[in-house]
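Taking it in order: structure first as structure tokens, then the write-up.
Naming follows writing order (A, B, C and D), and every chain is counted from residue 1.
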Amino acid sequence: MKNKKRFAIIGGDLRQVKMANGLAKDGYYVKVFGFKDIEFAPNVIKAHNMQEVVEGTDVIVAPLPCSLDNESVNTPFYDGKIFFNDLFKHISKNQLFVGGKISEKISNLAKVYNIYIVDYFEREELTILNAIPTAEGAIQIAMEELPITLHNSHCLILGFGRIGKILARMLLGIGANVTVEARKYQDLAWIKSYGYNGVHLNQLEKVIGNYDVIFNTIPSVILDTEILSKIKKDCLVIDLASKPGGVDFEMARDMGLKVIWALSLPGKVAPNTAGNIIKDTIFNIIDELGV
Amino acid sequence: MKNKKRFAIIGGDLRQVKMANGLAKDGYYVKVFGFKDIEFAPNVIKAHNMQEVVEGTDVIVAPLPCSLDNESVNTPFYDGKIFFNDLFKHISKNQLFVGGKISEKISNLAKVYNIYIVDYFEREELTILNAIPTAEGAIQIAMEELPITLHNSHCLILGFGRIGKILARMLLGIGANVTVEARKYQDLAWIKSYGYNGVHLNQLEKVIGNYDVIFNTIPSVILDTEILSKIKKDCLVIDLASKPGGVDFEMARDMGLKVIWALSLPGKVAPNTAGNIIKDTIFNIIDELGV
Amino acid sequence: MKNKKRFAIIGGDLRQVKMANGLAKDGYYVKVFGFKDIEFAPNVIKAHNMQEVVEGTDVIVAPLPCSLDNESVNTPFYDGKIFFNDLFKHISKNQLFVGGKISEKISNLAKVYNIYIVDYFEREELTILNAIPTAEGAIQIAMEELPITLHNSHCLILGFGRIGKILARMLLGIGANVTVEARKYQDLAWIKSYGYNGVHLNQLEKVIGNYDVIFNTIPSVILDTEILSKIKKDCLVIDLASKPGGVDFEMARDMGLKVIWALSLPGKVAPNTAGNIIKDTIFNIIDELGV
Amino acid sequence: MKNKKRFAIIGGDLRQVKMANGLAKDGYYVKVFGFKDIEFAPNVIKAHNMQEVVEGTDVIVAPLPCSLDNESVNTPFYDGKIFFNDLFKHISKNQLFVGGKISEKISNLAKVYNIYIVDYFEREELTILNAIPTAEGAIQIAMEELPITLHNSHCLILGFGRIGKILARMLLGIGANVTVEARKYQDLAWIKSYGYNGVHLNQLEKVIGNYDVIFNTIPSVILDTEILSKIKKDCLVIDLASKPGGVDFEMARDMGLKVIWALSLPGKVAPNTAGNIIKDTIFNIIDELGV
């Protein structure tokens, strides 16, 4: 069944393009709509309108994020508008609609139209796998900005969630001295077992002056004025946490610290990988639904 | 406060001996009871009876497991009996009693005597850190039993919990080809992100014939007759899961497979490390209690 | 003795600036000349002319490369000219002159003036340590150029010399699938023992189509027309070999392949690290001379 | 041609048995002689005498070491004697004779009989690959003997040759703190680049008291009385160097240190791997000879 699924890819950026080409390459039937001047693989079918793209498919794929205005599909490569209001009219209850970061409004709209939707951004495996391009993007930024090699440098990671775990491993793999901050004893046990130095949040102040680069992954302000004042002047701070982020940016700027707020890295630094991650996640959804 | 804590170590094996010596070396006041013919560090005080060992201490430490008969302390190095019934009479409510795998019966007895007890074996960080000597012990067994090097061998780990995670990392570090079986997509995402091969439980049958050594960490019978029949004849199976274990042992024996059931490895292969883990965990308990 | 050495740093780029500051920070007496508008650490002494910078020092340090025109010191941060002809007049035979890539002409000139010179670029440890920033620079370029993550990508390294060895290790550490090409069986044995895939030069043609990125480290044209024609169209080729390089560039361009020739990476991507490497090497020279 | 080679395996231990079975499994014609009560794979032909085993084969394989008495083949699994004197009579100049550690006497005898011989033990790739089981064997011994885990332990490796390089990598992979002693600055540069701590021989005395286990790989006595006296009392010393070894054993024993002299590990701890290494090396020899 899975092998016979037919896909409609509607809107999105390079990740969606990659996904369409990838599906086509694997022998799936793929139609696309919402892309202008983009060259797809030969066997990807370019639909001319909403009805055409949806017709005869099993899975309709919206981008990540699904929408920027809560009304139309997010279509950076298209100058028209694809309103969910219209789109949903063409989708039947036997089709599966998947998208990323689907808002409550759009979700409710789908209910009205009796459409079965799944938000792939809420899948744990996608979040884990996205941590890989995020960590690589962070490493790329550090390499670009620092006048030293990461090898043999002293790196501090704030937080030991998904990004922290993968970043720590990669940095160690490059040859950095890696310290990870955490709050829970069990996280500190993991940190030790993986061969990193661990530091408890309440000891952070004492050691924060030792690092060449600090990666924050915690979405709450850890690096406040007091702690910022103890960081080395030439230390680079890369904030990977979504708003509000973990750094008091204004204060950091006033202190002359270099802080980079790096968000949404997967789509930027590795769109093909990010597209594949979405694709694989959609297949997991299909598998679990058993449709 | 923590620096001034006084400890009573009652019964146990080499781990407790190591802990007593380690505490004494770090400058703590330590009394011991329940050890015969064991040489301790010079500044460890050997008490002559229950009353003496408990008196004037802040923390009373029982071994892991606390008891084998639900009545007396587990004292492999002592020929007498230390009954909890008696022991608890000497402990006041201002003292902290810690032990490992404290049974409900002993726990209830402590309540009767109004004693504050904590089971350090239930601490997540101890379980995580214990996975390190467990993984090393498993590797040691594999090295001893296999006529090939682990380097370049094909290893399969069943389960990606604490032991699975640490074992996978060490095996990769030695140069093995590491495959990990898991059931959840999110675990498979982690497995991929860490650079191991992942295999879903429902694909296990297809690949199980490829491995030189299989480490089971799942406490339910995964390796049943059907799957066992597909394992290579010279494959080594090491079962690290507590009862019932993950292998149908009788069936495996009948098939001529070499299966080793390896339990309680930390105290066996690395008593000093295991003793330190218990010690560190006890300090975490003290820290959190803020006593 | 070593602790009392006095240094003159003449000309150079950020690496020399870093070295001067590093020496001063470690408590050495340091004079500099040949830098305009560069801020040094407070205890670095800015000399006003050749005589002044050389006077009273033990070790005179020229940059890497020492000279671009074979007549004057390489001074990218200075608009005047410092001719070796003049400079050498101020140096006595009790002083040590060190520089990088010292040409035969300058070397001969030193003989005329009876000056003891050592070329630190010919030191094996400098070449090895320089491979670290070179490998990191190559990884940075790959991350910037590729639409996929290095994690899980298929990387091929041509050659298993200094750069090949360190690059392979870092790529594996990031989570890439690493294949290394070599010609000698003993190199292939090392490649296997380190956990990479090995491919013999004479098998290269068969596998070269499998890679997402190819790093060349061999200074002779391995990637000729025939082999180039088998590379994937979206494969990135990074050539790290000094002239003539290992890629037929014109042919590659005609084929639409993306080839980047990346030379002299250490000074570009990590000047501080590169400066420290030169500094450490100079101390090794001093140690061995026993002066 | 290589695919059609016919092999005669004469004498040896489990490595030779493994090699015979491996060759047969790969479809080669294999005859064996000099093994009693050993079960081979079904398609291995058991010859009844010297003439029969040699007849019709292309490559005659003697064990490692080739001989223990300089007169007869080393046949631990056979109670008769196979004298080279006799054996060589049956070998023609069109056949290739390979063995390990061929003495000058046997080599000269081969010349008399006009037989082309190659000593596979002199091949660099075999020595490199043998360092893998040697390193694993050393790790196994350390795991068996130490009451602590290697993870987080402090390990010192004396020497950064083949065994030192592979052992360092594996120990780091398990999670140990790894320090390597070397004498040459270029080795120290490699040690640093690979992420180990480096210590120069002339600083050894100052740090040797910090280690839990010391692996010696240098075949000359580094650990003399003076240095031995500074080692921790509970430190384990594993000597992997061939005679005279790197440890003053008598002195070490008098001091109460635990020293293990571990020689010829590949054949002991991983005979199958060791057999495969010999097999692969023989194929390399055949390849290079182009026969």
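Keep this in mind: a contact is a pair of C-beta atoms (placed from the backbone, for glycine too) under 8 Å apart; a residue touches a chain by one contact, two chains touch by 3 or more.
Every value quoted in this text rests on a predicted model; they were computed, and no experiment measured them.
Shared contact partners of chain A and chain B comprise C, D.
With centres computed as the average of Cα coordinates, no chain lies farther from chain B than C. A turn of 180° superposes the CA atoms of chain B on those of chain C, with the angle given to the nearest 5. C-beta contact counts were set side by side for A-C and A-D; A-C has more. In this assembly, the C-alpha centroid of chain A lies 50 Å from the C-alpha centroid of chain D.
Averaging C-alpha coordinates per chain places the centre of chain A 36 Å away from that of chain C. Shared interface positions of chain C, defined as residues touching 2 or more other chains, are 132, 151-152, 169, 175, 192-194. For chain B in complex with chain A, the residues that touch the partner chain are 123-126, 128-129, 131-132, 166, 169, 185-186, 188-190, 192-194, 284.
Chain contact summary for the complex, chain C toward chain B: residues 151-152, 175, 192-195.
Listed in rising order, the residues of chain C touching chain A in the complex are 14, 18, 132-133, 136-137, 139-140, 143-144, 146-152, 169-170, 172-175, 269-273.
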